[in-house]
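Shared chain: chain A. Partners: chain B in the first complex, chain C in the second.
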Partner chain A sequence: MDVNMTRIRPYGDTLDDGYMQLSFTLPVPLSAEARKAAEILAEKMGLEDVKVVYAHSIADSFSFFVVYGRCIHSVDMTAIDIPKVDADFMSYEEINEFIEKRIGRKIVVVAACTGTDAHTVGIDAIINMKGYRGEYGLERYPWFVTYNLGSQVPNEDLVAKAIQVDADAILVSQVVTQRNIHIDNLTHLAELVEAEGIRDRVLLIVGGPRISHELAIELGYDAGFGPGTLPSHVGSFIAQALERSIRNRAEAKGAYPCQMNP
Partner chain B sequence: MNPSVSSAKIGAMPSLDETTRLADIAISSGAKSIAVIGLAKNSGKTVTLNAIIKGAQASGISVGVASAGRDGEKLDALTGLPKPKIALQKGTLVATAERLAMSATASLEPLIKTKHISVLGRIIVYRVSSPGTIEVASGNRASIVKDVTGIMHHLGAELIVIDGALGRKFSSAPSLADATILSTGAVIAPTLDGVVRATAHAVDILTTEEWSDSCRQSLNPEVLTNQDVIILSSGATGKQAKALKVESVLVSATEITRQLPGPGSTLVLGGALPGNLLRNLTANRMAHGSTVVVRDATRILATHRDISLFKSRGGRIQVLNEIHLAAVTTNPISPDGRMFDAETLLDAIADTVKPIPVVDVIAGKTRNLPDCHKTTGDKTEGGEPA
Partner chain C sequence: MMRLDIDMALVDRARWAASRIADGIQPTIDAYTTTSIERCVLRLLGVNGVDENDVPLPNIIVDQAQASGLLEDGIAYWIGSAMLHEGASLPEVIARLSSGKLSLDKVRPQDREGVEQTIQHEANRVCANITQLRLEREQLITELNSTVPPYLYIIVATGNIYEDVIQAKAAAKCGADIIAVIRSTGQSLLDYVPYGPTTEGFGGTYATQANFRIMREALDEASRECGRYIRLVNYCSGLCMPEIAAMGALERLDMMLNDAMYGILFRNINMLRTFIDQHFSRMINAYAGVIINTGEDNYLTTADAYEEAHTVLASQFINEALALRSGLEAGQIGLGHAYEMDPDITDGFLYELAQAEMARIIFPDAPLKYMPPTKHMTGNIFKGHLMDAMFNLAGVISGQTIQLLGILTEHVHTPHLQDRYLAIENAKYIMNNARHLREEISYKKGGIMEKRANEVLAKATSMLEQVADISLMSAIEEGMFASIKRERTGGRGLDGVIRKSERYYNPFPEIFMKEITSCNFSPVLWGDEVKG
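What follows is the complex of A and B.
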């Protein structure tokens, strides 16, 4: 298939036909006018040849629509530059061997679902022994010491625990992102870690279905993990980033600032 | 809700008159570094930053630019909406990541390679050799920001402007910046009242007054570590000082409260002030007449609720080093389409934060400006004082 990476379009039945399907709810009772409104809305979004293929009344004053149409837009994928988590993903055995050989001590990780968030499924998949999708969680790794504090943990308690156990990494899970509540919560956590003077000695990592690495970096975190992340991904990043920062700290004691070579 | 208005405003250029004014406010205070922080994403930090850079350059001051987050990017990482770019003139110094420098439209001459490596590559200090726009990210933690601003000062920058990250406030610490400008706007809350209230809380904390006790002189904040807690109390035998070493106030709030001889003591904290200490002091009837002193206002991380309860019981919070809040800027437009009347917002904020100057950079309107600034750039109107 000859895909033009500078002009990516949705694939419906044939390459570059642009056909796509949307579903949404309008806060109006179902009527012929409501169907037309859904069609006009899709047209305004850049769809041509719009068909409302399904419409259903879901309450007295709400209607649900599925529309199908041809998108007139295309995307230049070669112009996209997204920061990605900088790590070579390793297996369970490789990670343990890496830590044993390069760091020589166990890595301490403190994890929690913070703020009002009670959705621990993500953090449990990464931390807990039984793991996720056939992979063990970090708790099972002999070279990791983990503390999973559970759900609705105040930032203050999470940082307190990290200080008490001298953690190398703080893992925070945020699933609830309505009205961007996670932003306030993550900001507060980062400020607290900075104000407590431990920012330079812990890795600050956030994960969740709406978390991008890009956003995490902007918030002052070291990494952000989105959907589909496996325990070994997080484990690889922590091991490699910790090894790098230990090495950097040792190097920083040498000459600085070094002049740029011409 | 009118998206065409907001997208038009995003690209709007501030009038030159107001841009010099905003820079003047900051420079006249003698600041060599200014932190621009926001109450949230899209509160107008980058527009404010551009205004200061432009104003400073117009007065012939050599500028250095750093960012504690990532700024000048084309699209917002959260909303995906277009964002204002950072425009730099020839001669400006800028600290940014290698990968971002490659996509800048400004020509850059690398001067110093720092030891800091971010996800976007190594942080390098550049000099702009031909004007253009650039994305700036100089490291997302205090230690890196401090380092790169130091390098740019060393290379001859007279004024360093540090852009903040989202709603993060750490870059306003007096150890990083001499003065701070706070950006607030419609994005903060759905109602005008809400915006004013949230701004008032933030300003209240940022402008926490300096601890003026006689013991202040004998205390060197430089030697204070994050683990230090000093308790000062006056008993029958005069003033007494007790120094404690704690893992962290977060861990030892109960222990610290137990060590207090009674209400009316002063606690000097080396690290953060979390809500649990204030709650503990209040619950144990230790708040009345007592003072909690922190290094600077960025260390105050208790919620508004904990702080007001503590204060209502007669407690005080003070700082060793005050933040100089030079101005507040307002942005009446939120990216979700909400819009307030520019002047109404400006007046409401100005009224609340008096006497701090308030500027709407896009509208070119100011409030609470001391007289000396009103005449700047327009000598015919103001004239010399008699």
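What follows is the complex of A and C.
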């Protein structure tokens, strides 16, 4: 199939036919006019050959539509550049071995759901012994020391704990994202870490169902992990990023620790 | 029809162990009161409102009483003393306390008998009011048609109570039987109840008495329009369990999420505080004819639903035993469970169905509350809609009472209007299409499902016996539930636990228990369809 990467369009059953499906609700009773409104709306969105294939009244005052149409737009994918988490994902054993050989001491991690967020599912999956999807959490790794502070932790407490235990990494989980509350909270945490003067010696990492690495970088974090992240992904990143930063600091001082030699 | 053949001797053993567990903790519960219970007593006696800083008046009065060391006698004792001391009526005393003209530590303690006579009268009046509201509900249930179970339970969570009303009414018109207003995230950890109608919230809407009233009124309207009684649910959990129960009783809420251990395990609320609060809150719920919903589904949000299935059953037994001790009837105890197994498991549906059938057999009179897949919902709304369909099928086959509908956009956002419509359409289609399947099928003797159910039962029984041997609080300290360890003196809210004095007085438990345990007390909970 001859796909032009500079002009990507949706694929229905023929290359570049542009077929898309969408469904939405209009806050009006169902009528011929409402159907037409749905069609016009889809056309304004850049669809042509619009077909309202299903329309149904919801509670007398709303109308639900399923619509098909052909998208007139295309995208140049060669012009897209997305930051990705810079790490080679390793297994449980590989991570422990990596830390033992290349860092030579245990990595200290503090973690929490901060702000008003009470959902610890994500942070528990990454940190707690039990882990997630058959993988152990970082607590189980002999070369990690972890502190999971739980839910609704004030950012101040998280940073204070990080300083107290001389943490290498701060992990923050944000599940609730209504009205972008997580952005405010994450920005506040980043500023706090900066203000405490520990930004250069701690990895700042955020995770959550609505979190992307791109967003994390934008907010001044070192990495962002979205849905489907496993403990070993986070573990790999922390180990490799920490090793890099230790090496950079050592190089800056002119020293070169012997265990860095392969 | 042959149902799953479950070892009933083992069920008796499990129930006996749960009973020992509840008996073990009851003396502790009886020896203490909490700030939330005392605030609740004030609310029941008519204290409401906030000061100029939005601090609720019950908090102000109880905090002062606690600081003066008066709370061990019960706030009712001191309110009664104040009435006698000042020669004033209850509303007058409340007004003086609210405006700061009177402080309880300036009141001379009065003779206990006199106090009782004074307060008893007021308490009886409040309780008569709650009974009236219960009868009002029963009248509506009897008058309006009722659909057949499983009842369709739908969530609204816009953060704005007025927007919630629009969404709730739309859901009712689509066929929802039960509307739950999700609370704003973090409310469970507030040691006060916010006041007035609210239009801002995160991931939900604040539970306030005004919001309760606004939604109940809207649903009464919807009930009349739809010709069936639409039930309202809120959260009787967190640090203000008793107060929320009182608010629910006064605004005719129909169901309350009200778990004995949820706050301890999942919100890190102190265990003593939680056990004491849940007991009193459940008495109120029992008296008000409210159906409680327990939160066993939460055990499966981090733990694996297949591996940890027995913890759900064990918790159901404990919730039942504790609820019975608060005077709830079996028909008011909506034990929870969930359809949360990994969809990739071969025969996963059989294991889910085995679990659901088992719960139905072990708790025959409980209005079981079945929770939908959430953990393995991915954002693939198409597969998610199918998973919800399988869940609905399991619900109708196993005869669940309350079906919390799965939403195809779980894991994406709080439900949109059309998401709810699609969820209700899904459930109605399947439950109608397979309505009497339950009566037509039987399960294979010694088959996968029967074996599975008995395995889970055996594991739950042995866990319960272990817990009974070491006591519930020690078991929680050792992390036996949900693999979460909580210290007896840890968590939030311990500072609000107070040992009762000799002259401690709270008029309500006696009034409640006398009525609840009388043979005439039999709240109408559903229409005729369920009884048959």
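In this section, the second predicted complex is superposed on the first by the 245 of 262 C-alpha atoms of A that agree within 3 Å, B and C clash if a C-alpha of one lies under 4 Å from a C-alpha of the other, contacts with A are read in each partner's own complex, and residues count from 1 in each chain.
In the analysis below, contacts are C-beta pairs under 8 Å (C-beta built on N, C-alpha and C of every residue); 3 or more make two chains touch, one makes a residue touch a chain.
All figures in this text were calculated on a predicted structure; none of them were measured in a lab.
Chain A has more of its residues touched by B than by the other of chain B and chain C.
By the touch criterion defined above, A:34 lies against neither chain B nor chain C after alignment on the C-alpha atoms of chain A. Of the two partner chains placed around the shared chain by superposition, chain B is the only one that A:160 touches, whereas chain C remains out of contact.
After overlaying the two complexes on the shared chain, residue contacts for A:109 are found with neither chain B nor chain C. Judged by the touch definition given at the top, the superposed model places A:209 against chain C, while chain B stays out of reach. Shared-chain residue A:149: touches no atom of chain B or chain C. In the superposed model, A:81 lies in contact with chain B only, and not with chain C.
When the shared chain is aligned, no partner comes close enough to touch A:127: not chain B, not chain C. Within the complex, the chain B residues that touch chain A are 40-41, 68-70, 77-78, 99, 103, 110-115, 117-120, 124, 137, 140-143, 151, 165-170, 225-226, 247-248, 250-251, 271-272, 274-276, 298-299, 301. Note for the complex: chain A touches chain B at residues 81, 83, 85-86, 156-157, 159-160, 163-164, 180, 183-184, 187-188, 190-192, 194-200, 212-215, 217-221, 223, 244, 248, 251-252, 256-260. Those residues of chain A that touch chain C in the complex are listed here as 23-25, 56, 58-62, 64, 116-121, 124-125, 128-130, 150-152, 176, 178-179, 181, 209, 227.
Taken together, the chain C residues at the contact with chain A in this complex read 159, 169-174, 185-186, 188-189, 202-203, 267-268, 301-303, 375, 378-379, 411, 414, 416-418, 421, 483.
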